[in-house]
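We call the chains A, B, C, D, E, F, G and H, going by the order they appear; numbering starts again at 1 in every chain.
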Amino acid sequence: MTQKKVLILMGSDSDLKVMDKAAEALKGFGIAYEMHIASAHRTPKKVMDLVGGARQNGFGVIICGAGMAAHLGGVVAAHTTLPVIGVPLAAGSLGGVDALLATVQMPPGIPVACVGVGGPGATNAGLLAASILAVHDEKIEGQLGQYRKDMVKKIEEKDAALQQRA
Amino acid sequence: MTQKKVLILMGSDSDLKVMDKAAEALKGFGIAYEMHIASAHRTPKKVMDLVGGARQNGFGVIICGAGMAAHLGGVVAAHTTLPVIGVPLAAGSLGGVDALLATVQMPPGIPVACVGVGGPGATNAGLLAASILAVHDEKIEGQLGQYRKDMVKKIEEKDAALQQRA
Amino acid sequence: MTQKKVLILMGSDSDLKVMDKAAEALKGFGIAYEMHIASAHRTPKKVMDLVGGARQNGFGVIICGAGMAAHLGGVVAAHTTLPVIGVPLAAGSLGGVDALLATVQMPPGIPVACVGVGGPGATNAGLLAASILAVHDEKIEGQLGQYRKDMVKKIEEKDAALQQRA
Amino acid sequence: MTQKKVLILMGSDSDLKVMDKAAEALKGFGIAYEMHIASAHRTPKKVMDLVGGARQNGFGVIICGAGMAAHLGGVVAAHTTLPVIGVPLAAGSLGGVDALLATVQMPPGIPVACVGVGGPGATNAGLLAASILAVHDEKIEGQLGQYRKDMVKKIEEKDAALQQRA
Amino acid sequence: MTQKKVLILMGSDSDLKVMDKAAEALKGFGIAYEMHIASAHRTPKKVMDLVGGARQNGFGVIICGAGMAAHLGGVVAAHTTLPVIGVPLAAGSLGGVDALLATVQMPPGIPVACVGVGGPGATNAGLLAASILAVHDEKIEGQLGQYRKDMVKKIEEKDAALQQRA
Amino acid sequence: MTQKKVLILMGSDSDLKVMDKAAEALKGFGIAYEMHIASAHRTPKKVMDLVGGARQNGFGVIICGAGMAAHLGGVVAAHTTLPVIGVPLAAGSLGGVDALLATVQMPPGIPVACVGVGGPGATNAGLLAASILAVHDEKIEGQLGQYRKDMVKKIEEKDAALQQRA
Amino acid sequence: MTQKKVLILMGSDSDLKVMDKAAEALKGFGIAYEMHIASAHRTPKKVMDLVGGARQNGFGVIICGAGMAAHLGGVVAAHTTLPVIGVPLAAGSLGGVDALLATVQMPPGIPVACVGVGGPGATNAGLLAASILAVHDEKIEGQLGQYRKDMVKKIEEKDAALQQRA
Amino acid sequence: MTQKKVLILMGSDSDLKVMDKAAEALKGFGIAYEMHIASAHRTPKKVMDLVGGARQNGFGVIICGAGMAAHLGGVVAAHTTLPVIGVPLAAGSLGGVDALLATVQMPPGIPVACVGVGGPGATNAGLLAASILAVHDEKIEGQLGQYRKDMVKKIEEKDAALQQRA
């Protein structure tokens, strides 16, 4: 069984810095990914082209980052039955609550897996994609288990440092 | 110059009762319209087919009603340069604030003309479509002027009735 | 490869009616599932017992429905690397925005895949679980494709009925 | 048929920097416009004078930018049947949600076409005005089509640059 | 010194039931008032006529009740230097938060005295008008003092009844 | 008739910079005022002492500025029948929506006249206090009329400058 | 050591049905309590009398339920150093978010222990009061432990019933 | 009777600066405390270990600070019957409203005593813990009384300084 890749889409190049966190999470597990700038509103054809052929091209999960009236996740989900993860981004003056509601409140029939707003959400999107691929991949499963242990270790170290504070 | 028609789309047949208010407003001015159920998520191809040919088919304005993560207005606007009016509908438990933000907060480049949530918004969508067509149509302009006068008269009658209250 | 099952947890038996929609979606694809009432706050040990052994017991995805300060998804995700889907439920007077934020805004490191509030979210949780299993299962992938076609057909029928309206 | 002009009003000179984005969008299409500072609350007479004669003075669309309890769009719409576009601005500490609701939630009878909060909304207001004028103007319609193609090209260039990133 | 009257305006006759609470509060103090239906958007001229002559016609305070994008208070305040009290009403699906923000967030220069949403706010609008008139009217001041004592008595009676509960 | 003074209270000295705007507005009309720091929670007795004797000490209006769970306006109103103006201040991370709701949503019986959040609200509190005193004071009424004319002039000058922009 | 009593205050007799849940929770542990209707705004003196003598009268915790601009918890806390628990109640059209913010966002110096909105919060207020008294009372501590076990048992029974569903 | 200690937990070392305010408040009264970094999601076992033995280890109150989907308070409360104080922290772009709702909206059965968002809440958490310990500790009760008097004195000094301002 060939390992599936992850397709990362974002609506604008200004989203790149945040969405790189999703890529970093995948990189940590050695999961292959491709990143593209493709707007649901400005380049709908490009989105459809990328998404329509995604499963055939070896992708197993699609991650979509978008801000404001963030339609990217929903539009992508409308054109594929692959699991779609939506990362709402904080653009403009409303703190990302617009992107959050526009991503998470999908009508019944076309699901989007929404994660938190901004950078923490992007990191979690990468981890969630890994956990989806890990359902049938013991290697990634093992890596996720190790990632958890590393988090525990880091917190224990920080807590130990706190105890040393005069 | 042939009068342009208005295309009214809604994401679900459960939106029909509210979106009929848009149709009623148009009917009052004798403006021709077509209504279709077409979901941005469940029937994206149908949406594109309806919208892609809209200008050639004699439509001048498109009205889109949708609830929850209401992407219909944005998706339609992505496929046409006709003016697109979005009516956010109150579905689910958030009172329509999800549909409002998902409709109004369009990123720069692809505008949607958002009106209020639910029935009042649907009525105003019809009136706004009429006012758009009236930019180059003196007959509709005159009808809109009359509509305003009728509203004044109705309020004056109600106010007179209030003054009669013992 | 044995087909993975889906574990559906909910914080209270009052959530059952909504969470049954997730089960119905799975049933439609012939995906096996188990449902349990298990509260993150009132029965944390039960939650950990169910979740800790989930992967070994053949589960591939966990769906968690909870209202108010909905911690169930996050607590479950803390104890497994399986993909966890959170369904925020509308309990109390805030329309479910409390459960939504408590589910979706997970800190980086422990992802939860959040869907919409209430019934539509529960249906989508079932569909999302199916799409996750379908990454490595062509049969479910085919069923999801058919499900999409059925939705299109239903909308076309409703639209046709609308066109018949006098 | 003489091309209609666009009237851009804003409640305060502090709104100028944002509202210039609407003007820039119009300038890109060669559409004539006039900009005025006129407050619904502080200079209601000036607003009425500007708006009352707008249609006769060759204006086809009015764009109104205002923050806080943003009444400008509604007050303008009360005095004209021209299409009125409202741009809610983020002033004060609430991120513009006050201006958004005060602009979009118009009661039935007097529509305002609301766009997004702040700069993206101002750009879209200009584009929406252009699309309204384009309903009966093939030249602007063609320019809007070209504008869309330019956006696609820019995104393709940025995506190509992303693919070159080491 | 002749006692000033209170002018009560509301945007729609559907607001009458709530705004009657303001009238009742005034009636309790024997303060004369007039009520009118007059919409800031649909009958702006009527609003200006009523407000422009209000001071000369013996009014000392103006109370304005309106829902949704509630501009009535602000529009009235733009045309008078009399104290204007705004009562935001809960119309539509947003619970009145739209009317609240559209009433209270007035830009500097034109104040509106906003009270709470709906019925409690309408009652308080009447009491606030009375307290404004009482600044220079010892009789109303005395009545307000008595009103407070009556409230205390009612609560004491209810508390006494509670203590009797088995 | 001796002119009444205005009492300005604020919950913390960190509110002084904003509340000075209320004082400036009063100073512009030559209305006497006193300012005090007095917290509803930390110095309830001081608040009661200042407020209890306010009417006898020649005050006609009380302005209260407070942030977070802003109880100052309500607590002051509980101890006087003078008109109380509440200025919600933006302290902490919620942008002042906490102070706004805690100030405006008074239960029926004890009104507070709420103005907008922060600086614009503080200016308007001063103007509102002036308009309340002007109900029975032709001199202040005249000054308020002049203030409005000055605002018109300033906007006309700014608009003229805008027309000169190349 | 005599067991401390709990004082339950509420702003209105309409709050009684919800606040009874706090009383029921206390009753379950045999903890003595007194309930009073006492409004921070309408009967401030009564509140101060009840609270000022509370510690001397054998009370160890005070629970305050109030809706809208819920000042009761904060006002009570200003007059005692006993732990004060605030229960925000959903009155009016904003779902209790007003009472929640007015209760929880206390400025530094005067804490209020806020629980959830409405009935669930009232029950938890009773349990929290019990847990506070249990800090120095092994009997209540034991009862709280038993209460937790009973909750586990009830959920296990409901889960068992769910497993029996055909 | 040995004085109980306070256990302060926080989900991340980035919360330390804010949570130190809780520690400072306790230090002011000479109340012993321990601080630990322990995440409900990343180190659930560490949380359970710290909390499970807390009562036996001499702790009387637990303070939990966490941001985003702040589950720490609820998870801690699920494992102890000690009073648990939750401090919602403002992390990410939503201003802490996510942490607030995730902390305060606990379902009935497992209470968390929620204080305000961020620094003011952390200070109040320390004070609330002191007031809980003071229920059965006259020394702390006396210190709390003195703390209140010091606050009054500070405000009086600041008010006196304000009166000296030219």
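Note that in this section a contact is a pair of C-beta atoms (placed from the backbone, for glycine too) under 8 Å apart; a residue touches a chain by one contact, two chains touch by 3 or more.
Owing to the predicted nature of the structure, the values given are computational and were not obtained by experimental measurement.
Path length between chain B and chain E in the touching-chain graph (shortest route): 1.
With contact taken as defined at the outset, chain C and chain E are each touched by B, G.
The best fit of Cα atoms from chain C onto chain F calls for a rotation angle of 180°, in steps of 5.
Counting every residue number used by either copy at the chain D-chain E contact, over half are found in both chains.
With centres defined as mean CA coordinates, chain H is found 34 Å away from chain A.
A separation of 48 Å divides the Cα centre of chain B from that of chain G. For the pair chain C and chain D, the distance between mean C-alpha positions equals 42 Å. Residue positions of chain F touching 2 or more other chains, listed in rising order: 39, 42, 68-69, 92, 94-95, 97, 104-107, 109-110, 112, 116-117, 120, 148, 151.
Going by the touch rule set out above, the chain pairs that meet are A-B, A-C, A-D, A-H, B-C, B-D, B-E, C-G, C-H, D-E, D-F, E-F, E-G, F-G, F-H, G-H.
Residues 13, 16, 35-39, 42-43, 45-46, 68-69, 92-95 of chain C are the ones that touch chain G when the two sit in their complex. For chain B in complex with chain A, the residues that touch the partner chain are 11-12, 39-42, 44, 67-71, 74-75, 77-79, 91-92, 94, 97-99, 101-107, 109-110, 112.
Looking at the complex, you find that chain F touches chain D at residues 90, 95-97, 116-118, 120, 148, 151-152, 155-156, 158-159, 161-162.
Within the complex, the chain C residues that touch chain A are 1, 4, 21, 55, 60-61, 81-83, 85, 100, 104-117, 119-120, 123-125, 127-128, 131-136, 141, 144-145, 148, 151.
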